[in-house]
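Paired with chain B in one complex and with chain C in the other, chain A is shared by the two complexes that follow.
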Partner chain A sequence: MSRMKFYCDDYRCIDCNGCVVACKEAHEIPVGVNRRRVITINEGIEGKQKSLSVACMHCSDAPCQKVCPTDCFYIRTDGIVLHDKDKCIGCGYCLYACPFGAPQFGHEGIFGVKGVMDKCTFCAGGPDETLSENEFEHYGQNRIAEGKIPMCASMCSTKALIAGDASEVDKIYEYRTAKRGDNTSLKPYGWEAYNNGK
Partner chain B sequence: MESKTFWECNKAYILTALGLGVVGFVFVGFLMIMDWGYLIQYTMHALIGDTSGVLTAPASELEQMVNAAFGPAYNSVAPEIIRASNERQEYIWYVFFAEIMIFVFLYIKNGRVTPTITRPNDTVQVLTSFQRAVIWLNIGMISILVLTGFNITWGLRSEGGDIPRILREFHELTGLAWIGVWLVFTVIAAKDMKGWRKNSTFRHFLPGSFKPSKRVIWFFYAAMGAALCFSGAMIITLHPSSLTHADVIQFRRVLLYLHFGASVLIMFFILDFVYASAVSVKGYLKGLWSGNYPREYLEQVAPDVLEDLKKAGRA
Partner chain C sequence: MANTLGYGGMTNHLGDMQNSKVILIMGANPAVNHPVGMQHILKGKENGAKIISIDPRYTKTSAHADLFARIRTGTDIAFLYGMIRYIVKNNLHDKQYLDERVFDWESIVVEAEQYTPDVVANVCGCTAEKFLEVVKLFAENSPGCLIWNQGWTQHTIGTSNTRLGPIMQMFLGNIGKVGGGCNILRGHDNVQGASDMANLSDILPGYYPINEGSWKYYSGQWQVDYEWLKGRFKTKDMMEKKGFALSTWPWGVIDDENAANNAGTPLKALICIGNGISTITMTHKTKEALDKLDLVVFIDPYVNDAAVITDRTDNMFLLPAASQVESSGSVAATNRSYQWRSQVVKPLYEAKEDHEILFEFAKRLGFYEEFTRSLKNGKPSYEWPEDATREFNRAVKTIGLQGVTPERMKRQQENWALFDPLTLRGSGVVEGEYYGLPWPCWSDKHPGTPIMYRTDVSVMEGGMGFRAGWTDKGPDGKPVVVAEKNGQTLLAVNEPAGSRFKGGHLEITADNIESFGITLTAEEKEKVKGKNWKNDNTYILVNKALEAGLCPYGNGKARARAWDWADQLPKHREPLHSFRQDLVAKYPTFEDKKDHYRTNIRYASEQNKQNWVADFPINVVTGRIVEHMGTGTETRASKYLAELAGEMYAHIHPTLAKKYGVDNGDMIWVHGTGEGKIKVKAVYSYSVAETDIFMPQNFSGLWSGKSLVDKYPKGTAPYALGENSNQVTSYGYDIVTACPETKCTLVRIEKA
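Entry: the complex of A and B
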């Protein structure tokens, strides 16, 4: 079964924030809410500066779904994690549980209290009628329904950010690492490397 | 004069410490998944102003990236939040059941004190209108906070939507307003703080003296209230954006623990107040509303209060 995933290549990301702007523009996201962000470490140090574009990683075993007291999350058959804003009460438990800081909460009302949660939808809309005005207003564009890839990945100028079926993303990743001369079969990577290093 | 042993003087404190010690040991040892070493070290770092959660310099570029992007040490705090979410909804009933059982036991053991009143019109004003306003405001706000708090905890039953969301917002706003009420309530309830009792301020404190068992209850109500006010206000104020997320998320997770823990513990002392005012002594609740108690009531149930009021020239 296909599972839709993002992958950001930190060798290619140049911290242009094009993905962030593209996402905000496409979905008309309010000020103060960023579905995607770019993290940079060792900024200004030659040879050591690295950037990574991060949003909801659409986890297979999503912690946000586990902690939600109103059960507003659901995972589509293609692995995209979505949520129902009509059910969300804005408690913020998903924010505590998410390892990636994906859930975002804007301020609303006269007291500026925390509103309902907003996060990356993989440009797949939400539970409202597909491609309807309501769906756009609540969740932004539904590019997946139109047969397109998410806006952030489509706008990435260096193609550091890629999105799509995990097996296809994996092939691109393998091709790139092999081309760079990395022996991925010997080098642990990602969470495995992180945990081994502890 | 009869001399009391150390045990007799401090029985209430020792038993409370033992009880909380047993509950704490079971809770910490068997019911929580938490890297306690990390939490203790983190608290030390937070006290000197570093709330990021990065306790040691990252050993690799990957660890540096993880710290910057997601916040450090996810496994040390977050799993408990995840695990507790499901179990909170299922098992919190047992906590309240156990607390209520304690008061049922007290009722069976002590019964209900019913003072003999032959002169109902001979009353003494014990509570001023200011004190009553603060006490009832406290009761009202606590009731709202408990109900709206449970609205979040048992969200699966309401299945979310606009009304539970508005109730959640109301929880935050009422909580902020309660900070002031809690502070004043804590001050007026500090009955036997002799050092504070200057003539001009005495009328703000409740008359009478605490028994050690009641002093423990007041102390814990004040302490748990402080924990709730601090953690609640910080959770609302520290609202991370996507760019500040990694800096504050670990602090918010620890604050949420504090908020949950304090809210469970304060329930015991709230239930004690309900038991004391509504069940244990007949006529107490009526006086809490009017501020006046029959002189005979005070002679039989609270002679220390009457004595204090006489000293202050109010009885």
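Entry: the complex of A and C
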């Protein structure tokens, strides 16, 4: 069965923030709410500077869902983790549980009644009627329903950020690592490789 | 570069970088300035190419390089000569290529002799070991591509950088080669098109020199009387004289001595259309000039920052221009590819497209009919923008825009998917065309030239030699085309594949065409009498040459020596405000230059005025940040980009900051050598050298600690305001192009 995944190729990410702006423009997200961010570590240090784009990772066994007291999260059959803003009470437990800092709590604007959580939807809208005005107001565009990949990945300038079916994403990853020929596929995916000095 | 190879255009294209084995990026930061283009560099890396980044800063590009070398700003020539010296000493140069295709390369070897690894290390401030690592990696992998940007051009010696880069590449045989070349990445959308169309003060469209012959040629193209055209100018001399440059015009307003260069009068009015003039050095002088002018007009989709910088209260007009999505027509990409752009929406509110604004000017100034005559070209009306495109198809023969027709561009626009990104070659309905018909595209049958100066393919497949039209002063002092200089031939020894004429030859003229084995009928001879490939409106000369496999501009040698230049061979010269005062005597700058783009420019007198570094001990690098474009006028008005990069700053190394007692986040005053000062936030960064600070060039709206926000018309202030770094950039202009010196600036700082 297909399962939707993001993958950010740290060998390609150049910290241009194109994904961040693409996401915000597409869903008309208020300033201060960041469904997606680019993180750079060791800025300016030779051989150790790395950048990575991070959003909700749409976990298989999502911790946010586990801790939500109102059970507002649901995982679609394709693996996309969504939540129901009408059920959310803005307690913030999901933020504590999430290892990626994905849940956002805005202060104003369309998502913004303070306290209601907002996060990356993999551009798949939410529980409101698909492609309805209501869905857009609450969750933003539903590009998945239109057969398109998420806006961040489609606008990525170097195609570092890849989104789609896990097995397809995996193929691209394998192809690139094989071409690099330096066994990057065997290296740990994370900051350890850069923090401890290569 | 045009004065070395023949054309100034990027030789290869972005996709071709995926064919390189090594990519040297020097004076460029594509990860920030060309993020989409960076994709090709990273794919090249995945294909096994080694990436080398040479820069005063450890940039976002450097973070993806296999090898990084930090050098002092403005020392690229010493580095390049050092490379050439190493290449020749180790017999890594392509001698056959040099003998066949490069004039006087031997002199370069002699000049390079002094640049030993130790000298390079001393001048450039890197270690000799690091330098050797770079040159070995670059010279021992082939093909190698060289990328540069404004980090090379914006210097007093910028034109020497851009000559020595291609010369170094020719020593390795890398020009005219797949995966090689000199890939100059243009600063923004349609820069190449703007210079092709002569948005410059020293040429006519298509780089025709600004002389009587060209004006007469263009009178013909525009279908107006030459005498009428001449009557629009004060004198014939002024008609044929270079104008002010974007960098020098303020001196034409505020320095009375320049009036003598400008027909006896200072500049009185400025019309600024689509240009962020606050990205030019010494903005405080720009302000002084704007304050003094009689009339100022800004034509922009957003409020031009300069309109806010000036204190004037009258005779300043802002005309709203349409944005790119509200207009249509051809735009030229960095690699000389022309693409068709369609109008997405009609201009909103009272905004008008640029050409409409210019037409309204022409109507009121009384020459609308003449202005649009060649657009109509005999028809009762014209179709915009197609007829403007057809006008340059007819007129611009020098760079071969004949084949770049609206019909072909539109067909390509509808068939993007049919082009191969690595070769640009089309298939199906666009078979036999390269994407964007990169110039020279000699005829509507020609496919365009994705990679220039290739001799392994025929002219009809995009092959060509180097230019064969170098000129020298004739007996009457006027330039004449020459075939040899100093007893050496300027013609190539080889020829493009399939050429019916063997060896080099001069540009095609009616007089010489038959000596290349081409025959013309009596009727054809009559039609082309006295003409050459650049001014023959019948295209007979060009088409006959193409049939015989000959390049219309000839088949010559690139020249390592530019005998008509101040520096015949590129030379390292210290910046006017040098961080290394001890090297100034050994590598002094030029003599002062009178009437340089109508301005008397100081070189030696500025350099020797004082020991600058004693009072201004910090080197400044300025540049763009990825969130903002140019002056940031448009991008700082985007709330999301303003959120990401909303504040002006100076990157400072913690070691340097400690000397001044500056904590991360403290405000500092930065004082320039030219009296300007700005107050910015100090941000600790390891990306800069311990001697340098880096500042973005994209901010405006704060002025020496004061906010200018009240000066914006209601509702037009951008979200992000900041001090303009160009208030502290130093005086200095390129010796040939007058490009401003933005990269070698000295300042002093103090905690605010």
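Everything below uses one rule, namely that the second predicted complex is superposed on the first by the 176 of 198 C-alpha atoms of A that agree within 3 Å, B and C clash if a C-alpha of one lies under 4 Å from a C-alpha of the other, contacts with A are read in each partner's own complex, and residues count from 1 in each chain.
In the analysis below, a contact is a pair of C-beta atoms (placed from the backbone, for glycine too) under 8 Å apart; a residue touches a chain by one contact, two chains touch by 3 or more.
Just so it is clear, the model here is predicted, and its values are computed rather than measured.
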Q. Is this a clash or a fit when chain B and chain C both end up on chain A?
A. fit
Q) With the C-alpha centre of chain A at the apex, what angle separates the C-alpha centres of chain B and chain C, reported to the nearest 10°? A) 130
(Q) By the touch definition at the top of the document, which applies to A:50: first (chain B), second (chain C), both, or neither? (A) both
Q: Report for A:41: first if it touches chain B alone, second if chain C alone, otherwise both or neither.
A: first
**Q.** Which partner reaches more residues of chain A (counting touched residues only), chain B or chain C
**A.** B
Q) Is A:166 touching the first partner chain B, the second partner chain C, both, or neither of them? A) neither
Q. Does the superposition put A:157 against chain B (first), chain C (second), both, or neither?
A. second
Q: Have a look at where A:17 lands relative to chain B and chain C in the superposition and call it first, second, both or neither.
A: second
Q: Examine A:86 and indicate which partner it touches, taking first as chain B and second as chain C; both and neither are also allowed.
A: first
(Q) Rounded to whole Å, what minimum CA distance do you find between chain B and chain C in the overlaid structures? (A) 10
Q | Residues on chain A lying within both footprints (that of chain B and that of chain C) | A | 32, 50
Q) Where on chain B does chain A make contact in their complex? A) 59-66, 68-71, 74, 78, 81-82, 85-86, 89, 151-156, 158-162, 164-165, 167-169, 172-173, 235-236, 239-243, 245-246, 249, 252-253, 256
Q: Sort out for me which residues of chain A touch chain B in the complex.
A: 10, 32-34, 36-37, 39-42, 48, 50, 52, 54, 63, 66-72, 84, 86-93, 95-97, 99-101, 104-105, 107, 109, 111, 113-114, 116, 190, 193-194, 197
Q) Touching chain C in the complex: which residues of chain A? A) 11-12, 14-18, 20-21, 24-25, 31-32, 43-46, 49-51, 157-159, 176, 179-181
(Q) If we count contacts the way the header does, which residues on chain C are in touch with chain A in the complex? (A) 31-32, 35-36, 38-39, 42, 45-48, 58, 60-64, 68, 626-627, 638-641, 643-644, 685-688
